[in-house]
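Take a look at these structures.
Each of the next two complexes has chain A plus one more chain, namely chain B in the first and chain C in the second.
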Partner chain A sequence: MTALRNNLAALWWVPRGIIFGLMAFFIFGPLFNMLLWTVTEKWYFPHTFPLEYGFSSWAKVFAPRGGALESLGNSLVVALLTVAVALALAIPAGYALARLKLPLRGLILLAFLIPQAFPNLTVYVNIARIFYEIGLNGTIPGVVLVHVSHGVVYAVWIATAAFSAIDPELEQAARNIGAGPMRTFRDVTLPLAAPGLMASAIFVFLESLDEFTGSFFVGAPDVNMLPLLLYTSASGGNYQIASITALLLLVPSLVFMLLVERFLKADVLSRVGH
Partner chain B sequence: MSRRLLGLLLVLPALAVIALLFILPLIMSAVGAFQVDGSFGWGNFTKTFDLYTKDIIFTVVIVSLSTVLIGFASIAIGGYLTLGGHPLAVAALRFLYRWPMFIPFIVVGQLMRTFLSKNGMMNNTAVSLGLMTPLDTVSFLDWRGIVFAFVWKQTPFVALLVAGAMASLNRDTIEAARNLGASKLRVLFEIIVPQVAVTLTVGLILSFVTMMSVLSVPLMINAQTPTMLTADIAFRVNAYGDYGVANALGLISLVLASSVAWIYLRISLKERT
Partner chain C sequence: MSDDGFLQLRGVASRYGQTRVLKDIDLSIGKGEFVALLGSSGCGKTTLLRVIAGFIEPSDGQVTVNGRDITRHQPDKRGMALVFQSYALWPHMTVAQNIGYGLKLRGIAREEIARRVAEMATMLGLGGLEGRKPANLSGGQRQRVALGRALAVDPEILLLDEPLSNLDARIRLSVRHELRALQKRLGITAVHVTHDREEAMVMADRIVILDGGRIAQQGSPEEVYNRPASSFVAAFMGAENLLHLDGVRDGDNFLLQPGAAGEGGSVPVGDRPLGSGPVEARFRPEAAKLSDIDTPATMPGARFFGEVVAVSYPGGHWRHAVRIGEREIMADADRAFTPGQPVAVFVPAQTLFLFNSPSGDPVSRPGVSPEAVKIPA
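Right after this comes the complex of A and B.
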């Protein structure tokens, strides 16, 4: 009887194996296909695998005129500036939302929710129009501002969650032994919220690195960014360069996926804008 | 200084950014949709419906179909993670499903362009397995490609939310139902899903709105007609500088999104106040 039951339990691995195998194929297949393209020299229909492998596309992408170095540089500068501006705005706002009494609290919360509830493409089209009028179109500060408008929403919600996860009695204790409000914030509240704020910084950084629509309307063609390089090389039919650019954008995203739970503790994650 | 004033002062800079860089352009798009050569009228909308009615329907069908598929896939993944029979199988699924979550849409577009094309890995694998001949292969880079890309990218996000909500449910009712002889499928749909309905709804609404505004996927996978409204808007602006029709198309996508967005706003506001 137990032998039969064991056999039945083992049989369950057949459907499981088929379903997990299919899932793995459809999840990793596209990634593997892209990896092959990054080292392909020659590949055409109807061959299953590339006919020649090599790194000549890598040399082309990273050559001084290949465009990748300029795009990578621009993307990193924009992402770092976006993180700096978004956090400078989000830390005070998050603290106030978590700790202080606010007039019109409902309306303020609504304002921070609206960008998530409506498609942002039309918004970017009209931002580009405003920026064109005031000369911000096609400049790094213009692209940073567009990315901030998107990133600050996530930053505010994560910062709010990070601050409200801190026990208020710790701040109270610091005040009781004579620390002023600024000192309490700097020496007690801020260090305790640091892991959550770090997570929000990484999140905003990635969002900026990956952002396409805003850069497309505000940045292109003057400010070259990695996603724009990926788009132009893909529409030009150059699969090798598109795949190498895609890989450059992919690696930080996958690393973040693997680390996210270490940075965002459950008590913070559970409060992040669902 | 009163604490209320201090709070307002701390929130103000972030609020100003949202007001100037999101809400103002949003209003501009709504107003601009009715502007024809400096005066107000319905001209942009007549033109829009003449040229793009097919694309409006195409967009609604694709986004709705993707949302439904994402919903079922997330329930299946969350359900298996909660009720799965074998710890090893559950661990395998937990490892598998999350990979696409943070991959940017533009990269997803490029991945699918190579994977789903006529000579892509999907067709090549089917040919190698003897399921079809090279001459039978077709490219999936049309509406099917867009749906595949959306479901591929958005399912992990909704599944993560749903699985999290399922994991925090009280297990007693589930055990009780199991002991009374209810099948796992019945427990999933009659006991678990109703309790995580709010989380599922929020996840699906956020996905719906995201898919409505993704430009890179339709541009990369299928930019011919019929295509999605986002690609039309980009084309109107870049090729003709026609902000009137672009804004009319934008307003239509806003109206489509707000059919579900207000549910999200109501749920979230209730949770946060």
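Right after this comes the complex of A and C.
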């Protein structure tokens, strides 16, 4: 009886092992595959592993005519500008939403979600059309604006949470001791909200780096971004270039995970959307 | 109250939505005076302090300092310093930065700030902690930093919002005296909000008792303790024993009618506006003298008869719960009486506080049926 039960318990490891194995495969398989492709010289069916290894694709990607450096530059400039614009909007908006007794506060927070509520393509095709008419199409500011419309929702929601997490008495204490409203904001509110604002900046930065649809319709072909390069190389069957580009996009995500873990405190997270 | 107080409140009212938190507060506080605003939670004492500090704009009335109307002034333009109940220390600044912030705002040179901060830290016993963040301080140390931050700017008026309520009981007792001594030494006008009667008594020159957004009574500690103006104040100042009696006004005396509760007695009215009819009698447990039922009274006062229900020893004396008629009261004695023993409770005239029962339905008072109020003659 006991032996049978022990056997059954041992058998439990079979489905568990299969499930864990599959999970590991689905999570790490593609990543591993991508890493392999970045150092592949020759690899074709039916071989499980590359036939030749080398770094010639890296040289191609980073060659002046490879376009990767230009795309990387564009992507970084756009991402940084997007962060700047989104924070410039999110800091006052988040503070107002956190502190002032605004009517329809929930509705305002929800309104920031509207651009995400419709299918991306329809929205961006129309934005591209409007931008084309006013000459913003194919320019860096145009791409930045599209990315801001996308990123500002995270920025505002997280900034609101970050400001809500600050005890108003800390601001009152500064006012009471003789600081004006702006001075109080600069010396007390902003430093205390900084970790949350930092996290929202990182979110927006990554969203911008990753964004494809808007960049494609508004930016291409004049402004090339990293995801576009990834797309063209992958669809052209050049998996080496696509994988190296993907790796370039992956590194900020990993850094971001570490930073968020460090900056975003539980008391801020618990206030997101409230 | 004189009209030329240093800090003057005239007809101050405040409402929160439909609720009137403060109603028509008139208060005049002299320079260098230490005033305690005393009341239970929700009485409006913190709201009143915040009106003075400028965080709440009164819906009516006027606040003046030294004859200057500051009712609409921003909090940072008032020259006051508030010590918050939560201390509200800035977690991203060190102790020295917290204390020195007000001086920095005033554009004082860095060396001068460092000197004043060091001075303040020494005075408050914070020496050596200047580089720490508030998170690494004990409750008592945080309280001192909060006080130091307020005092560093040399305020005309110091506002204290229950600053001692987060300290543990033993520290609290010593901080009371330190704070009072400091206030006297610096000659600062102080307004102290508290719900702790003893704290108010020990620290303040004048106690202002608030009830339901109104001033119930104000006066020196011994005045409010020995001559409470209303049943509420008497209860708040510790006279929690309550008996409903009947009596007749006879010139300067009030004759309590003998009844089931006791043999009555004659009590001088003094300056209290007391009329014939049902009265509420209040007294403190320590004022009541417990004795055997056949011991006669030796001084003016009232004697009640009851039965001991329970005995306990809180220290120094025995405390008895005694049932008199329908009610239970607490009375102290030097020796223990056994439960079930019939006893006489004698309350000397000067410690028995009589108030006319509020006219209107007695049913509205919880736990008292109309029959219990009337003691048959």
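The criterion applied here is as follows: the second predicted complex is superposed on the first by the 245 of 274 C-alpha atoms of A that agree within 3 Å, B and C clash if a C-alpha of one lies under 4 Å from a C-alpha of the other, contacts with A are read in each partner's own complex, and residues count from 1 in each chain.
Note that in this section a residue touches a chain if its C-beta (ideal position, glycine included) is under 8 Å from a C-beta of that chain, and two chains touch if they have at least 3 such contacts.
This is a predicted model, so every value here is computed, not measured.
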Side-by-side fit of chain B and chain C on chain A, or clash: fit
First, second, both or neither for A:Glu169, with chain B first and chain C second: second
After the two structures are overlaid on chain A, angle v-u-w for chain B, chain A, chain C in degrees (C-alpha centres, nearest 10): 100
Between chain B and chain C, more extensive residue contact with chain A: B
Touched partner set for A:Gly180, first chain B, second chain C, both or neither: second
Chain B versus chain C as contact partner of A:Asn7, first or second or both or neither: neither
Partner chain in contact with A:Phe216 - chain B first, chain C second, else both or neither: first
Chain B versus chain C as contact partner of A:Leu192, first or second or both or neither: second
Lowest C-alpha to C-alpha distance for chain C against chain B (Å): 13
Doubly contacted chain A residues - partners chain C and chain B: none
Chain C-touching residues of chain A, taken from the complex the two chains share: 167, 169-170, 172-180, 183, 187-188, 191-192
Parts of chain C lying in touch with chain A, wherever the complex brings them together: 53-55, 74-76, 80-82, 84, 86, 88-92, 101-102, 105-106, 149-150, 153
Complex contact set, residues of chain B against chain A: 3-4, 6-8, 10-11, 13-15, 17-19, 21-26, 28-29, 32, 85-86, 89, 92-93, 96-107, 109-115, 118-122, 124-125, 127-128, 134, 137, 152, 161, 164, 199, 202-203, 205-206, 209, 212-216, 219-220, 230, 233-234, 237, 243, 246-247, 249-251, 253-254, 257-258, 261-262, 264-265, 268-269, 271-273
Chain B partner contacts - residues on chain A that touch it in the complex: 9, 12, 16, 20, 23-34, 36-37, 44-48, 88-90, 92-93, 95-97, 100-103, 105-106, 108-130, 145-146, 148-149, 152-153, 156, 206, 209-213, 216-217, 227, 230-231, 234-235, 239, 242-243, 246, 249-250, 253-254, 256-257, 260, 270, 273-274
